[in-house]
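We call the chains A, B, C and D, going by the order they appear; numbering starts again at 1 in every chain.
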Amino acid sequence: MELLAEARQETGLPIITEVLEPADVPLVARHADILQIGARNMQNFPLLKEVGKTGRPVMLKRGLAGTIDEWLHAAEYVMSAGNFRVILCERGIRTFETAVRNTLDLSAIPVVRRLSHLPIIADPSHGTGKWYLVKPMALASMAVGADGLLVEVHPSPDHALSDGPQSLNLENFSAMMDALRQLALPLGRVVAGHQREALPA
Amino acid sequence: MELLAEARQETGLPIITEVLEPADVPLVARHADILQIGARNMQNFPLLKEVGKTGRPVMLKRGLAGTIDEWLHAAEYVMSAGNFRVILCERGIRTFETAVRNTLDLSAIPVVRRLSHLPIIADPSHGTGKWYLVKPMALASMAVGADGLLVEVHPSPDHALSDGPQSLNLENFSAMMDALRQLALPLGRVVAGHQREALPA
Amino acid sequence: MELLAEARQETGLPIITEVLEPADVPLVARHADILQIGARNMQNFPLLKEVGKTGRPVMLKRGLAGTIDEWLHAAEYVMSAGNFRVILCERGIRTFETAVRNTLDLSAIPVVRRLSHLPIIADPSHGTGKWYLVKPMALASMAVGADGLLVEVHPSPDHALSDGPQSLNLENFSAMMDALRQLALPLGRVVAGHQREALPA
Amino acid sequence: MELLAEARQETGLPIITEVLEPADVPLVARHADILQIGARNMQNFPLLKEVGKTGRPVMLKRGLAGTIDEWLHAAEYVMSAGNFRVILCERGIRTFETAVRNTLDLSAIPVVRRLSHLPIIADPSHGTGKWYLVKPMALASMAVGADGLLVEVHPSPDHALSDGPQSLNLENFSAMMDALRQLALPLGRVVAGHQREALPA
């Protein structure tokens, strides 16, 4: 946690990080700007209640076999503890298809939009498992109405300790951001530039 | 078939229609501009071979449980009979999610793009089963790189004999087309206007 | 077909074989004792209607993504053409699990029993894809109430032209039959011996 | 926990109960004979490590979208903390089929048998969600080689606070046990009588 806090101070970037068990919530909430609940914990109810007691925004990833209905009920666990700042994140579901790591279910985004007021973002990195699918699926996510994106970036994906095959290098990330900015116009949307400026030139 | 031929002559619109069994192929190929192979027939090998013997373009829908690999192999059955004019159509796969009729797998489009030269279109009507999901998923399909769309339209969906809940009425179809035209610009693409002009004012 | 007819005459064994397209039905019905509809054709409606016009029993395999409801409706296509001699065959559905070729859904057997009068058998060979799972799943199929089994056997599975990995050799087939006979007793059932006697000693 | 402890003392029955978060493990381990990890926690790694530190046997349910491979790896988390007394429990996976609550994957039992020395039991109650499927699937579970069964029983399922539709009443439970005892003989197995004797006559 100290390293994350230091990184935040030095770069001015807000921090989002995963919290794995109820006992860790207070410490992580002190240092992180957003608490992430991973897909495997979508129905970890003690954890959901605990992050619901903090004032921190919570990003709730959809489980690998989580229906949209179950996902929205999981969000209720956080909100019923008093914390209404929940962000949903579609990150792919498990299907029979083996060409991708997970099947990114983009229809979940307009379905959730119809059922809930909660913001929803897409994670095309975990949602596909392959770097060359991230840019097209990021564009599709914006077109379908996602409020944001979660994208894995690494200066040298081949040397990443985890998830290298689904990480963009800086050049590909930059190309994706350019394409997103152009797509934003006809959709009447704006791409915030925070993250990109903070990256090394 | 006579009605379809008449409709084609009167409107000048090309006709695409489904062919269900090998024995019907010659008759249907005489009157239709494109032969459609439905999802339930993706691995109907005698039918695939038979449409492969015609000179007509073939639109091959993905099966409900068809992997991308099996789908491309099914296309080979058509091509190995000498007909290379195959169009693939992603129309949703069967998953555990019940909020939608099928789960439209948009990642299949860039995956196919990487593996094959064949054009690929998306069917957001069957792919979702709900009219209010058609426009956002159509926009996402264009953004992810689909070469075309298959969309169900009915002047009065509530009175449609089949698939009413997933059909756009004329007004919603028009709104979708406008949004697609605007999205086409930053993607460097053009939306052909043929179909729309032919609809009653 | 001539070879099948010859094999039937020589061995006295009844013949079951798959029919793939409507035009072939009359010829196949002349020589086969049972007509098999494969999983990929569960919803091939012209084919279902055609076999419904014959007097031959029809074995209808469940599709890879076929719900039990759709499967029973497919059987109705055969029966509505006048042929009530339909045998259902559970042969595994497609799931996310990759340790097996398909997931044999044994709960389908008592579910069908509750909804229909049709006999239902299990195919643990296609249903698992691995020879060493065939015997335990055959025993489970009998215990759950299957009316019969469809098992692939080959004198030398390593040299089989297809489906070798899921085929039993004669020794393993014999061991499976012995175990089934013993299990039949407490279940109040009888294992018919026809097939086995016909095999070379 | 006090009620469970009291129930154990009064009946002499051993207790198995679910533990939901790491902080609760010491308390639950003091009173329960077996610690249950529920399907939604199959990959709750902090919880797996914590139960691994106790001397209590752990029953690890398979996750709704858990592959057999992931399940065995989850068991390793418990064992790597020093506790080798892990029991696996197949309780159904999530598929497209809606006729059942979950699809009980009985092939998982012989697959696990081949890959691991761990005992494995089946839960036909959660695995089907319908009381009338419990008996046939229990028989199938024994026939396929399960080391035990987890079955929900309630004196009056219609008044159960949870899971009534999948619970056996005492009469049906008794009938299932009789059928299991008869099936055990040809399989060379013994059905332990502990649980039944403890039920009210």
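Keep in mind that, in the parts below, a contact is a pair of C-beta atoms (placed from the backbone, for glycine too) under 8 Å apart; a residue touches a chain by one contact, two chains touch by 3 or more.
Remember, predicted model here, so these are calculated numbers, not experimental data.
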- For copies chain A and chain B, work out whether under half or over half of the interface numbers are shared, and give different or same accordingly. same
- With respect to inter-chain C-beta contacts, which pair, A-C or A-D, contains the greater number? A-D
- Query: From the C-alpha centre of chain A to that of chain B, how far is it in Å?
  - Reply: 32
- Message: Taking the mean of the CA coordinates per chain, how far is chain A from chain C in Å?
- Response: 46
- Distance from chain D to chain A - Cα centre to Cα centre, in angstrom: 34
- Item | chain D, residues touching no fewer than two other chains | 65, 94-96, 98
- Okay, in this complex, where on chain C does chain B touch? 20-23, 40-41, 43-47, 63-65, 94
- Where on chain B is chain D touching in the complex? 94-96, 98
- The chain A residues in contact with chain B across the complex are 65, 67-69, 93, 95-100, 103-111, 114, 127-128, 132-133, 136-137, 139-145, 179, 182-183, 185-187
